[in-house]
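Labels for the chains are A, B and C, by order of writing; each one numbers its residues from 1.
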Amino acid sequence: MTDWRDRYELVIGLEVHTHLKTASKLFSPAPVRYGDAPNHAVHPIDLALPGVLPVLNERAVELAIRLGLAIHATVNPVSVFARKNYFYPDLPKGYQISQYEDPIVSGGWLEIDVALDVAPNVALNAKRGETTTRRRIGITRAHLEEDAGKSIHDDAVAGGSDSAIDLNRAGVPLLEIVSEPDLRTPEEASSYLRTLRAILRALEVSDADMEKGQFRCDANVSVRLKGETAFGTRTEIKNLNSFAHVEDAIEVEAVRQIELIEDGKSVVQATMGYDPDRRRTHVQRLKENADDYRYFPDPDLIELRIDPARIESVRASLPELPDQRRARFESEYALSPYEAGLLTTSRTLADFFEATARASGSPKAASNWIIRDLLRVLKERDLEVEQTALSPDMLASLIRLVDAGRLTARSAAEIFPTLVAEGGDPERLMVERGLEAVSDSGSIDRFVDQVIAAHPDVVAQIRSGDDKPLNFLMGQVMKASQGKAEPGSVRKALAQKIRG
Amino acid sequence: MSQAETILSGSLQHQREALDRSEITASDLVQASLARMDRHAHLTAVVTRQDEAALRDAEAASRRIAAGAARSLLDGIPVVLKHNIVQQGQLATCAARILENFVSPYDATVVERLRAAGAVVVGRANMDEFAMGSSTESSIYGPCRNPWDPARSCGGSSGGSAAAVAAGIAPLALGSDTGGSIRQPASFCGVVGFKPSYGRVSRWGLVAFASSLDQIGPFARRVSDCAVLFEQIAGHDERDSTSLPQPAPKLRERLDGDVAGMTIGLPKEYLVEQGVDPGVLARVREAIAVLEGAGAKFVEVSLPHTAHTIATYYLIATAEASSNLARFDGIRYGRRAKDAVDLEDLYRRSRSEGFGAEVKRRILLGTYVLSAGYYDAYYGKAQRVRTLIRRDFELAFASCDVILTPTAPETAFRLGEKSGDPLAMYLSDVYTVSANLAGLPALSLPCGLSNGLPVGLQLLGKPMDELSILRVGDAFERLTPHHRLTPPEVA
Amino acid sequence: MARVAALARLALSPVEIEAMTRDLEQILTHVASLDALDTRGVPPTLHGFDLPTPLRPDRPAPAMDPELAVSNAPARQGTAFLVPKVLEEEG
């Protein structure tokens, strides 16, 4: 099959469930803890014992307001908790308390980076070195709800015929964030998720750790011929738990849908699962068999009212957002929009840059090192910056050594991987490995004399007025010094000795 | 009758004086209560005994009282709890098969407050399964019998609590009222039953039937005793989001017997000959005359949506119940069907075997009225009519302080008489459900007998105004001998 | 009736289905009297009072004793509840 991008367009909307960073649960005072033994972090409310009642966690409300303000949305003065009724063993009450018709947050947006090869109309305007542009993605709503417990289907459980139910996660506060169907490629979908996660972390709304299940994604996917305005029939892929899976699953599902259409069949509305090992989506449940959730306002709770003063006090306490930081990086450190954008994709990366820039006194060098060298390593090894041994102080001292002429760029590049892998003091590493730049005139003269003696014809050419081969001689001197000769001194010595 | 039993049959004030003057001890009183349980076991009023805990608590109360350190007016006083109010370490079955062995690991707020007051819980009262009924017949313990005539119903759903107080097993009991479940049995058994304003008493630890209607309230043989128990259990509770922020009001000391100048409304839609037992109507008219003689002014008021209250009530109550009862799935607690082949089978069989017919009927109705395509026509509609009913009362209370009605259109019916006709059973709640829909405080108190059976007088108050109805009720008690009538077999 | 019973996870015998259908039809006929009321523009009442939902400070209480948490369980393994194997994930 030819690349679907040629003829078809994808329409993607994402639903993100993110755990709010609270100490206790949404409607119960049980502690929020990960990794406990089964039912070691529960309260009678989480077990849905007869007679228990929910009381809303104030912090969860505040965190939802924060997110709402950060995505330029309306924080609704009145929102309503409703019961979503269905039976499942990890849903102790037989209903989930969620928000249905009246969510706490509605109508917002965020901006994502989009690769330019899918936005060719703006490519001409792009500056050199910049391969992305910005696109605004609508956010329909964000609402508060409680998480369910876990069903453990381990074969060790009672010989494999039973499942074990652990309610430690039951009642953990979730914010469900629903995007408009504004995303058009799997890459945009993952860019949206990364941007959203960066905002959630910057605001300390959520740790959004995908491995801990704190940040989960469902993707609504449909396809249509380019130029169509009506939406195709969509499917919903459930429980995607890494950025790579989101991209893969959307791609795979889009191809499946396009193949159906090309074969003259039609897409059936359904809930899908994704199997990352086989890179396949499969139907879990058809829409026509969907449960009837019988939503109605929870009579154990009254409507949630948020007065404007509360919203303003949350606004006043908002930390700097990725977009604001990006703008500040451009102005404060004279970075290009491209550089500032890359450095603010995550809060930890932006913090790392800023600490390095300040400690080294050289923001441009800090930006270059991070974008050129560090991000490549992180991408290759699928790491976050905090998972490496490199600290801002180490990188700053490396930069200072280069700026002081004590370390050549080539030698610095040799030390860098060690710092990432094991850490250490760059100056000590430089000394241990004998990489300190050679700049004393005696040593330099010796290398220069050797090279001049070895290339009399080139020297003659330069003396006749052609400067071009000078760089060749520079290279020969650097080579002879094993990269340690300080380039400025070498150039000066060469010029002096050839021209006299 | 022993001295302790005589005192047990008296008012709370008599019991308090006897205890404080060391005429008897709390242990004597509790033992007398347990002896009465034995004697009236055939009533099936108290169905779970807590003798050991009760005697231990009574011992402690006796020591406190002897040391002059009584905790409250209730210290050492026996109290019976409805089986849907949880107490740590004790059964709370809701008279349901599905909860027949459920032992609560935590206390209801009202239980904590009773303990803080020193009251002694002596046992658990029979009830309609999950409080769904008006006769206390749908119970795994069998029907509760009326002390006035054991062939008759004690009303429901808090029938066991009412019968226990009427039979003198305890001077006080707690019940719950969702559509009349305290007042109607109080009326049938000739005792005082009081449903506070919605939100006055914490629902934490009350097994939910219909969350927006349920309210815990007291039974007693005197209005003033109801006031004492109410003061003890009422007031804000941070564990219940629907709990009103105010502390418990002081009421008992303000019951002065004076109704002169009070205006009492008579809803023209309620006091009609049609559908009301003539004996009931006669007693209510006599009560009106008594209060008029004491200086109360009577005005006619109108509650135009009265004809729609039962429909509204059953739509809302069953919708909420269908969701509230979803947690009974045989997984974390409660009865689980044996040999289920898979999870779905486990759900269906545990619930089908664990719930009785009336509970199933209401779950089915509630599920239906919330289901896709029917919500607006049924549940949504009922919530809007509920607003109209509330407005009726707002308007009526603009011209009166208290509204007076019969509690029920009849006296205690025979056991089995209505169990085959659910709609007829529902319709007999006509006078009581509107107080729940509008969140009003409501009191039922004895106003005489009809054919040898007690008749109940109902007083409805403005939201939060418990005082007015208790004052009128207390004044009526002072003017009449009805509260001293006791069932033949008890006397 | 079969659909509603399935939603409510109740297994009814044919006799029960017949009786319940009859009862519910009777009740729904009575309830239909509400149709006569014009409720356009009338707001719904969930509770009788005009208060917002209260908020609880985010302070965790100690977790429940796990033994007590599973003390009423019909089937357990360690401190987990046991159910017949759960086959499909629910959203």
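In this text, a contact is a pair of C-beta atoms (placed from the backbone, for glycine too) under 8 Å apart; a residue touches a chain by one contact, two chains touch by 3 or more.
Values in this document were obtained by computation on a predicted structure and should not be read as measured data.
More inter-chain C-beta contacts link the pair A-C than the other of A-B and A-C.
Distances from each chain's CA mean to the overall CA mean are smallest for chain C. Taking each chain's centre as the average of its CA atoms, chain B and chain C sit 23 Å apart. The geometric centre of chain A is 58 Å away from that of chain B, both derived from CA atoms. Averaging C-alpha coordinates per chain places the centre of chain A 40 Å away from that of chain C. Residue positions of chain C touching 2 or more other chains, listed in rising order: 7, 9, 46-47, 51, 53-54, 56, 64, 69-70, 75, 81, 83-86. In chain B, the residues touching two or more other chains are 102, 105, 212, 238, 241-242, 322, 329, 331-333, 343, 347, 367, 371.
Shared contact sites, meaning residues of chain A that touch two or more other chains, fall at 44, 47, 55-56, 87, 89, 165, 292, 294, 299, 301-302. For chain B in complex with chain A, the residues that touch the partner chain are 84-86, 92, 94, 99, 102, 104-106, 108, 203-208, 210-212, 238-242, 319-320, 322-323, 325-327, 329, 331-333, 343, 347, 367, 370-372, 375, 379. Interface of chain A with chain C (complex): residues 22-24, 29-33, 36-44, 47, 55-61, 81, 86-91, 148, 151-153, 157-158, 160-167, 218, 238-239, 271, 273, 284-285, 291-292, 294, 297, 299, 301-305. Partner chain C is touched in their complex by these residues of chain B: 101-103, 105, 198-199, 212, 238, 241-242, 244-245, 305, 307-308, 310-312, 314-315, 322, 329-336, 340-349, 351-352, 355, 357, 360-361, 363-365, 367-368, 371, 377-378, 380-388, 390, 422-423, 426, 437-440, 463. By the touch rule above, chain A contacts chain B in their complex via residues 44, 47-56, 83, 85, 87, 89, 92-95, 165, 292, 294-296, 298-302.
Taken together, the chain C residues at the contact with chain B in this complex read 1, 3-5, 7-12, 16, 20, 23-24, 26-27, 30-31, 33-35, 37, 39, 42-49, 51, 53-54, 56, 64, 68-75, 81, 83-87.
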